[in-house]
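Per-chain numbering from 1; labels A, B, C and D assigned in written order.
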Amino acid sequence: MRLEPKPAPSLAVTLSFPLAAIVTTLVLTSILVLVAGASPLSVFYLVAKGAAGSQFALMETLTRATPLIFTGLAIAVAFRARLWNIGAEAQLYMGGIVTVALGTGALPLPSFILIPVLMIAAMAAGALILLGPAVLKTRFGVDEVVTTLLLNFIVLLFVSMLLDGVLKDPMGLGWPQSQKVIAEAQLPRLIQGKRLHYGFVIAIAAAAVVWVITKKTLLGYEMRAVGHNAEGARFVGIPVNRVLMKTALLSGGLAALAGFSEVSGLKGNLTLDLSPGYGYTGIVVAMLAMLNPLGVVASAIFVAGIFVGADAMSRAAKVPSYIADVMVATSLLTMVVAILLTRFKIRWR
Amino acid sequence: AEPIKVAAVFTVPVEQQWVSRIHKAANAAKDRGEIEYVYSENTANNDYERVMREYCEAGHKLILGEVFGVEDAARAVARDYPDVAFLMGSSFKPDPDLPNFSVFDNYIQDASYLSGLVAGALTKSKNIGMVGGYPIPEVNRLMNAFMAGVKEVAPDTRFQVAFIGSWFDPPKAKETAFAQIDGGADLLYAERFGVSDAAKEKKVLAIGNVIDTQADYPDTVAASALWHFEPTLDKAIAEVKAGTFKADDYGVYSFMKNGGCSLAPLGTFEGKVPGEIKAKIAEKEKAIKDGSFTVAVDDSEPKSS
Amino acid sequence: MDALDILFSASFWVAAIRIASPLIFATMGELICERAGVLNLGIEGIMTAGAFAGWFTVYAGGDLWTGLVVAALVGALFGLLHATLTVPLGLSQHVVGIGVTLLATSLTYFTYRLLLPEVTSPPKIEPFQPWPVPGLSKIPVVGEALFTQTPLTYLAFLSVAVVAWTLYRTPVGLAVRAAGENPSAVEAQGISVTGIRMGAVVAGSALMALGGAFLTTSAFNSFFFQMINGRGWICIALVVFGSWRPGKALIGAILFAAFDAYQVRLQQISGGIVPYQVFLMMPYALSILALILVARRATYPKALMIPYQKGER
Amino acid sequence: MSSTPVLRLSGISKRFGPLRANDAISFELKRGEVIALLGENGAGKTTLMNILFGHYVADEGTVEAFGTPLPPGDPRAALNAGIGMVHQHFTLADNMTVQENIALGTQSLWSPRLDRSAARRRIEELSADFGLAVDPAATVATLSVGERQRVEILKALYRDARILILDEPTAVLTPAETEALFRTLKLLVAKGLSIIFISHKLQEVMAVSDRVLVLRAGKLVGERETASTDRRELAALMVGQEVKPAEVNPARLGAPLLTLDRVSTAPHNGAGLADVSLTLTAGEITGLAGVSGNGQAALAALLSGIRRPTGGRISIADREVTDWSPRAALAHGIARIPEDRHAVGTIGDMSVTENVIAEHYGSPRFSRMGFLNWKAARRFAEKIIADYDVKCPSPEARIRLLSGGNMQKLILGRALDPDPAVILASQPTRGLDVGAVAYVHRMLLAARDRGAAILLISEDLEEILALSDRITVMSAGHLSAPSARGERSIRELGELMAGHSGEHSDHAA
């Protein structure tokens, strides 16, 4: 079996394969629903309704997409330079830590100053925690897949420690949770009474900025060169280690914004379950988008929509709610195959 | 009458001890035909509010759950659905401005205290191991009451306290228990799944918590402090039915005097617990029920001694 | 007991070896995959599926060994999925790995809930019992630590020997290593890179599943959600720590487990002065430290994470 | 010599997208025969051999070995039929031993044990029989290029190959190694093997082959008995016109532009530099001859800026440089043509445009305030493509898809663009066809005539002799005293290269 590149696929082809992926996912999910003893016929309808069938559903989908856009961008930036950052989860929590450390009254500033300050501080924290693995990679040749992965555990335990200690909410009755951030530190909701908040807007803006960086700037060029051939990049005078450092800072900072936005926009405080694996899902989001920053927005909304829709479907169809994750996983795997098939033809022999 | 539509939103699987008691009570009410019952388990706090809203939209009249990490969001939902009754596990107090939102918690310190009396009598090495998930009030409270019970009988007992940083890692809990046995413990307070298994393997004793596991460990689990959610739930169902549901603290329905907790029958250990202790248990139980003795509610983190 | 006594007690080493056992299986599994050039991030999910499949087989009436076989088969099946997507199709090993983890985990939970809808306490099975090796188990400390374990632990050690023998002493092992170093060398010698890599991922995934099954049929006796709790990710670190060599990875697994067993015991004697999280962090932090020390000397498989397409320019 | 064909290709065609890499090619190979396959870069030689060996599947046509057709796309079938191939880019696993590389795939995959002692014996036998000395226990990464090639040939012989395909085997060999290879080939032919030999070096083709096939743009355009043709005819067949060697004007020396004063470096792909002093003068080509691994790579790395000296001084235009990096080297006007155009010279998956601006992307020419000026970049790419006659689909094409010669032209264009003061040319014509070689030579001579100081590092003595105004020989990290054009004979140079003379220009340590 071999793959052959297709000459510039037509729009119909480009669209038909992802569509087929979604249909395949629905069919597979329907089978599971059938096995669970419920009617599979309405699965599609229920998923669509749950993901975007009402203003509420749509807002929920976008709310969930928000942190995924940030972590997806973080991964896209890093992977472009072949910096295998599996630690967006840790960076996200660092963002959360800083947001509550400074946002619970330590800085009595008006909102329009405080929020940018919090964002910058959060980014700095996330950047710093990824800088460690980046330095270890460039100076000592330590594999960053492993160090960033291990840091996820360490940072989560660190959060747990802070929530038992200095960041513990004195009014929290002993629960491992922080105080709420002050009103000035909160991102307003986009629509009154809905959960969607300005973090989403910031995420879109971040995607645009990252797009400009990767496509238009010297740094974007350098990152790509380093990603494709570090030795060659070094030869032509690109400061490879410095580029990796900058990439790490940008990537860690973006992931940290996810933590900032979840705390400041959605939860109000920091808990141990701030993220149900957004850092890992970010990898999926970024790769579905083929590392394109604007694509990240679309793929984050897609992944969030599948989850929210399938979760609602599980309740409506009365099947175990774990089917939502099954569906996310299936759609992810079928989708990457579909993307491949839009660009390559499979030749047997 | 029409059964009441009840929905529960749990942040952990229904096997988890704490939630299993709520689930059991709800299933019992369902079997009695009083309610229709659906639930979502293992719901992340991130999704909690959405799931609540979906249930409200779907026409459920009573929502059960545990909102320890999502207090504000849950109350916001309650505000948006004034016709739905909410009975939520929470460490906070009810708010009269939010008349449809009541709270409960597992105040079973009474039973834990009694189980401590048993433990104090049975430990020979005067060294007790305790393995917890996280040091939160719901856990600390029971551990402290248990320790108070032990000290009542055996004041010079040492305690080894460990938290494994997870609600769900029985192998880890088991390893931790092994370590405590290595450290001299001959009796374990089994706050987590896994601890009794270690006790069984190493032939030491265990005290159960929230649920009764003696059937699985007949030679190991000497006593258990049981939580009964039925009084709490039945009260709420009655209020909803009567249309009189209001903001209230249902915590008291977990108290022994209200039948919310009990010391499990000693069962296989009936003959092994000294008579004087049994008498003491009976005496304390009576005092608790008639209000002449109250077990202190102490939510601070227990430490090894 | 003080901090040093612990290290010389047999029960501590018994615990260390027991904690290491599932890690050993899964680490060997990951090592095979990576040696063939495929990073298998599906490990966490495959371990979950293996844990459930093995346990449920026994719960449904099968014997313990049948449970292991079923676990391995289920692992192999997810491995096949991973391999199909990453090897002939050459899809990103990161995405597929995370996708397989998510799929295996959620499918397992879904299946668990379907098969056991109304349980209020986790059902139990009769797990593997410790089986002291006659004679050897009587050796003080070392004998006790190594030879008073369950048969599954012995199997874990055996798996290291088998993996090491296969990689270094058999033609197929040679092909696996070469596929991870330079796939075109394999193709040029008339061996299908696709076949070798897929085979390695499938076999490795079966081993990972055994690691999962160890938790439910030996270390414990029932299945829980989130049971693997990051152990799979640890194994990925252990492979790197072991410089992709079975023997070194074994030592890594035992060291890691020893740290883990040690921190549990230290927690008991520290009297709660040090936050318990610090102890829990210890194994991870020390792993990073260890990686820094070994990194310079490690020679990783050159073609790791690089998909191979026949006839690609 | 028997006349039964051992191999027959009939009507082989292969397209890559719109490109016809092979177009209806047919020929036969006889027992004990050596066929040379000639053609420009990109003519389709490697493609044809890859089809024959089963790496690629032909769109049309069949391959027959010893009278039986080979299934397409199956290297194992080709191996079993007795075909062995030494690829243009070696297919060895670097971190494994010679023996492991050779034994790979020779035993049934499922046999329970590698038969290591038997393998070792057989390798030693073959080494002895065919003059292919190499230590079976050595790790491939530690071997020289010549040794690796011997391993590749051993791989084929170990499997009893009857037909051996060698794709540009001499491109990376030293003259001595090349001679050794030819001796081995003679032994093989004597044992009845048939050989297909690809090379761009016409004198080699004349020396070893019985018959010559010439490919041009995917078509078989000529077939000659070696005995009845000559280099000029073959060159003309290949290129479609006559190739004139570059003309050399007398040198007009200028000021010294770059001086190394007792510079030492750490080892780099072979020996490091030991107390090397060297001056590059404007308007002059300094040729550096030597057996590879003697420090040429270290010198190239040093001048490229990717390695820093561990001792001694570098001065450029009489000023000592303190900070040394690729960027510094570029800033000081050093143009670099690297030895390995795939690994470091280009970034294969980036476009032609992105590659040609790589050395100057940050200059005001291509950027403003941190943003790239893609328009200017593209204009520059188009200019180089036009000026250097680069064959490529578009400036947006991935550079990986270009043939070696075209890639080299782009690198040349990039390096020579703003008239550099100093040019470092490492193996600038390795693997290039005669036409491309002449082109590169002309460009280098033109740069010298404009006043650039050029250091030419090459293992091809003919090239050194043809271009250099001054020749120096490197051996074990030391430089010989330079000699002027024509001053030393090939033999004398050869002796210096072998390290037979204590004559070093270095100051006594």
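Points worth noting:
One rule holds for everything that comes next: a contact is a pair of C-beta atoms (placed from the backbone, for glycine too) under 8 Å apart; a residue touches a chain by one contact, two chains touch by 3 or more.
All of these numbers come straight from a predicted model, not from anything done at the bench.
Relative to chain A, the most remote chain by averaged C-alpha coordinates is D. When chain pairs are compared by contacting C-beta pairs, A-C ranks highest. In this assembly, the C-alpha centroid of chain C lies 45 Å from the C-alpha centroid of chain D.
Centroid to centroid, with C-alpha atoms defining each point, chain A and chain C lie 28 Å apart. Look at where the CA atoms of chain A average out and do the same for chain B: the two points lie 36 Å apart. Chain contacts: chain A has residues 2, 157, 160, 164, 322 touching two or more partner chains.
Residues of chain D found to touch two or more other chains are 57, 73.
Of all residues in chain B, those touching 2 or more other chains are 42, 165, 301, listed in ascending order.
Contacts between chains, counted with the stated touch criterion, involve the pairs A-B, A-C, A-D, B-C, C-D. Interface residues of chain C, counted against chain B in their complex, comprise 1, 6, 9, 11-12, 15, 18-19, 109, 118-122, 124, 215, 219-222, 224-227, 229, 260-261, 264-265, 267-272, 276-277, 280.
Taken together, the chain C residues at the contact with chain A in this complex read 39, 81, 85, 88-92, 94-96, 98-100, 102-103, 105-107, 109-110, 113-114, 194, 230, 233, 236-237, 240-241, 275, 277-278, 280-281, 284-285, 287-288, 291-292, 295-296, 298, 300, 309-311.
Those residues of chain C lying in contact with chain D across their complex are 169-175, 177-178, 181-182, 184-192, 299, 301-302, 310-311, 313. Taken together, the chain A residues at the contact with chain B in this complex read 56, 60, 64, 157, 160, 164, 172-177, 180, 193, 195, 266-268, 271, 273, 275-276, 308, 311-312, 314-316, 318, 321-322. Considering their complex, residues 50, 55-57, 73, 75-80, 85, 87, 89, 91-96, 100-101, 103-114, 155, 400-401 of chain D touch chain C.
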